[in-house]
Amino acid sequence: MFREGPATTASPGKASLDTRYGLLGALLIAPTVLVFCAVIVYPLISAIYLGLFSIYTPTMEGEWVGMDNYRRLLASGEFWRSLLNNVIWTVGTLALQVIFGILVALMLHRNLVFRAFARSLVLFPYFLSTVVAVLVWRWLFNDLYGVLNHLLMWAGIVDMPVDWLGTMPNAMVSLILVGAWKYFPFVVIAVLARLQSIPDELYEAASIDGAGAWGRFVDVTLPQLRDVLIVVVLLRTIWDFKEFDLIYLLTGGGPIIGTQTLPLMVYKEAFALNQMGGASAVAVLMMLIMLLFMILYLSRARD
Amino acid sequence: MAGIRFDQVSKRFGGVTAVNALSMEIQAGEFVSILGPSGCGKTTLLRMLAGLERPSAGAISIGGAVVNELAPAERNVAMVFQTYALYPHMTVAGNIEYPLKKRRVPKTERAGRVREAARVLELEALLGRKPRELSGGQQQRVALGRALVRDPAAFLLDEPLSNLDAKLRTHMRAELIRLHRRIGRTMVYVTHDQLEAMTMSQRIAVLNEGALQQFASPQDIYARPRNDFVAGFIGTPSMNFLDGRLEGTGADRVFRSGDWSLPIGALRLADEHPDPDRRVRLGVRPEHVRLDAQGEPARVILVEPTGHETILVFDYSGNEIVARMDGEVSLEPDDSVRLSFRVAKLHLFAADDGRRLNLDDS
Amino acid sequence: MSAPARKSRRYLFNLFAWTVVLVIAFPLLWMLLTSIKPQSELFLIPPALLPGEITFEHYRRLLTETPFLTYLKNSAWLAGGTTLVVIVIATLGAHSLVRFSYPGRERLATLVLFTYLLPSVVLVIPLYLLMAGLGLANTLTSLIIAYTTFALPYALWLLRSFMKAIPEDLESAALVDGASRMQAFVDVILPQAMPGIISTAMFTAILAWNEYLYALVLVNSDAARPLTTGVINMLVTSFNIEWSLLMAASVMMSVPLIVVFAFLQRYLTRGFSAGAIKG
């Protein structure tokens, strides 16, 4: 009943099935690749290229200056000051986010009346527009009518209204606080998700072994949270480091350049000082610094 | 209805060879099981037959035509998946109807065929339900229904019973045999469960590490295993193996292991004049071990009564020997007994490549 | 521990926890209260917590005397347009990344994750030049194009992990049942991916709704300004800052987010590991 004869693996004149499937797959990803090339890859290369020019923004006329932009930047105090500010802001706000995030997550993991509603209230700031968050906080910080100053004076902590945003180091402290308020829910969500997946047996076993509440936290909870916290810290480091909206809207980098971070310096160079080339160079340097964290995250996420 | 033929089929995933130069021919209408331990390449073989994987080399034919480059849709085979793979968003009726829709069967005809398949599988009351509202056994029947409704050239079943509980599995085994008898279609049944393979199939293909070990009827595979892998894989408890040497020829032949020897002159070998001192493995099925006052001394290690029979483990000249005996045997651990083997039923395998050395009649 | 002691400890814990929650939520509460207080009550010293009289005057003024409605319309178009474009492209792309094999696929997936982390501030200058060159400056189109730079990698990454969770056997079954790859995608994969697609769409819409930097750089006219830059523009251009008006605008801006957020809540913890929470 079977035809005898040499076995053929492909009918002539027709691409093999795997090839046709591969082509279909390539066709489906083609729009993505096209858009990526047009709006991400091209601008990215373009940014690196622009950093080698001196370009006057209004006329967009430029001339090749090679590494001059970089030489100028690395010799300028402003670049190093912005980098320092960037590090202070990132470390400060991240530390508060993580500590506060873990504590609130532990709290919300326990039995609480109206727990779902409490969670919503805590998580919502994260989804709020930064513009709204900043407007609200500027109203709270208002030196004359701001409720924060009144509260502090009423409680006797200060006896003069505090200038929250106009002086240093107040501006940086305010910034770090608002950043922590806006972004700590990210840590809460991550930790809650992880806490929900820790099996109760682990706690029961620890209790049987004689561990108290603190012992259970240190020996059971913290080790289980380790991995998720590493990911959270990496992601938030990347995102906090590149934060523009919050800082630009809350202090504008001021007073003078007291809270100016690298993303703000990029914006200022390009659109206030009209130096597109210099701005691109700052952006490229900033990305190089971030690359370390990005690569760390990429290698973890690929597992 | 169509026969299936594998011609030197290989499949490699990267550097791993899942199926290695496998050839076999399944007759039209035959119920064939592909049996082997997990990772032996049996599911890959089935997926290649369905068109879900492409062979790296060789040819697969269905009904005489090479199908290597045909998409699954063009092969007219039906498949039942281990996970059932029911479409969760469709009702039972929708699931069963789907293959008809894709084959452009007219709507009026579809309804009738769905109803007929549902009737055969006793799913009529469930047609409006979603898969998640069904029990495991019901889901399994829907998966069968989706294959049955189509009248395909061959049915491919990938461990369809492995997610059912023991009782339901026995029931479905009988159902499948009845089904095959009634529709008489070619069925290729992948399983790691030798009981399923032995009870259901007309022929069994035993696979190990991507290579076909033996392709024969269940009786043949059990009584005349082609090598020591098949011998050891088929049968519970497994066959006992004793490593040793052959001495002498013909009626004077002796199997020697250490200082213990067994005359096996009654055993006929395919090659009557092998090298002297040939290294071999002697295979003894547990049911061919018996208590015998004239036998060799042994000590009872373990007694496992199952009711109608008792499984015993002996220390026999330093080897562990498993025996299957009558349920009424009354032995205790550490009892001393004497054992012998039914020499005519012994199996001899070459120690180097494991091939069978017995001369078989058929 | 005795039963009453345990009960009072529980009581204290609830009291403490809710105090913390309310302190966290206070800025939002204050925003709401400010927006419904008469202007005169704003400058009381000390400020009163609850309004003596509730007024919706600020909302009325916001909608009638300011360009707020234009901004709102622009934001809606932006969020809708960006989401539509991105979801269509990303659904096809994610399906390709998950179910097809071709050279370069893994490298592409890594590139997607890399761009997911890329700072907008690096791309904003070249995109500004590109839009000016294309004559798209000051249009909503330019913003939709710019928003794909963060929304597409995001949606792709999210959808990829949602679609990875769909059992491979489902597509295999459809193929054996007679479907082509595209039919299997439409008949089986797409319905299974729908909850993931919907939640991805909503997360994407939130990102677009809240975006600020591109809107600041690429659009400089009220006709194309979205809410984020528009409301800030109201702040900087007015002679004296009208906080009640701004707080009313903030509330209005947040209402769609609250609706979406309520819907997405059950996805939050599940979506976290998939990368749904970005910002």
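All chains are identified by letter, namely A, B and C, in their written order; residue positions are counted from 1 within each chain.
Note that in this section a residue touches a chain if its C-beta (ideal position, glycine included) is under 8 Å from a C-beta of that chain, and two chains touch if they have at least 3 such contacts.
Just so it is clear, the structure is predicted and the values come from calculations on it, not from any experiment.
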item: Two chains sharing the most contacts, counting C-beta pairs only; value: A-C
item: Most distant chain from chain C, judged by the mean position of its C-alpha atoms; value: B
item: Euclidean distance of C-alpha centroids - chain A vs chain C, Å; value: 15
item: Rounded Å distance between chain A and chain B, as computed from the means of their C-alpha atoms; value: 56
item: Chain A, residues touching no fewer than two other chains; value: none
item: Residue list for chain B, restricted to those that touch at least two other chains; value: 51, 71
item: In the complex with chain C, residue positions of chain A that touch it; value: 21-22, 24-26, 28-29, 31-33, 35-36, 39-40, 42-44, 46-47, 50, 60, 104, 107-108, 110-113, 116, 118-133, 135-137, 139-140, 142, 144-145, 147, 150, 154, 181, 183, 186, 189-190, 192-193, 196, 238-239, 241-242, 244-245, 249, 263, 266-267, 270-271, 276, 279-280, 283-284, 286-287, 290, 294, 297-298, 301-302
item: Chain B contact footprint on chain C (complex, rising order); value: 167, 169-170, 172-180, 183, 187-188, 191-192
item: Contact set on chain C toward chain A in their complex; value: 10, 13-14, 17-18, 20-22, 24-25, 27-28, 30-31, 34, 42-43, 45-47, 89-90, 92-93, 95-97, 99-102, 105, 108, 110-111, 113-115, 117-130, 132, 145-146, 148-149, 152-153, 156, 181-182, 206, 209-210, 212-213, 217, 227-229, 231-232, 235, 243, 246-247, 249-250, 253-254, 257-258, 260-262, 265, 268-270, 272-273, 277-279
item: Touch list for chain B against partner chain C, complex; value: 47, 50-52, 71-73, 77-79, 81-83, 85-89, 98-99, 102-103, 146, 150, 156
item: Chain B to chain A touching residues, read off their complex; value: 3, 5, 7-8, 25, 28, 51, 54-55, 57-59, 61, 64-66, 68-71
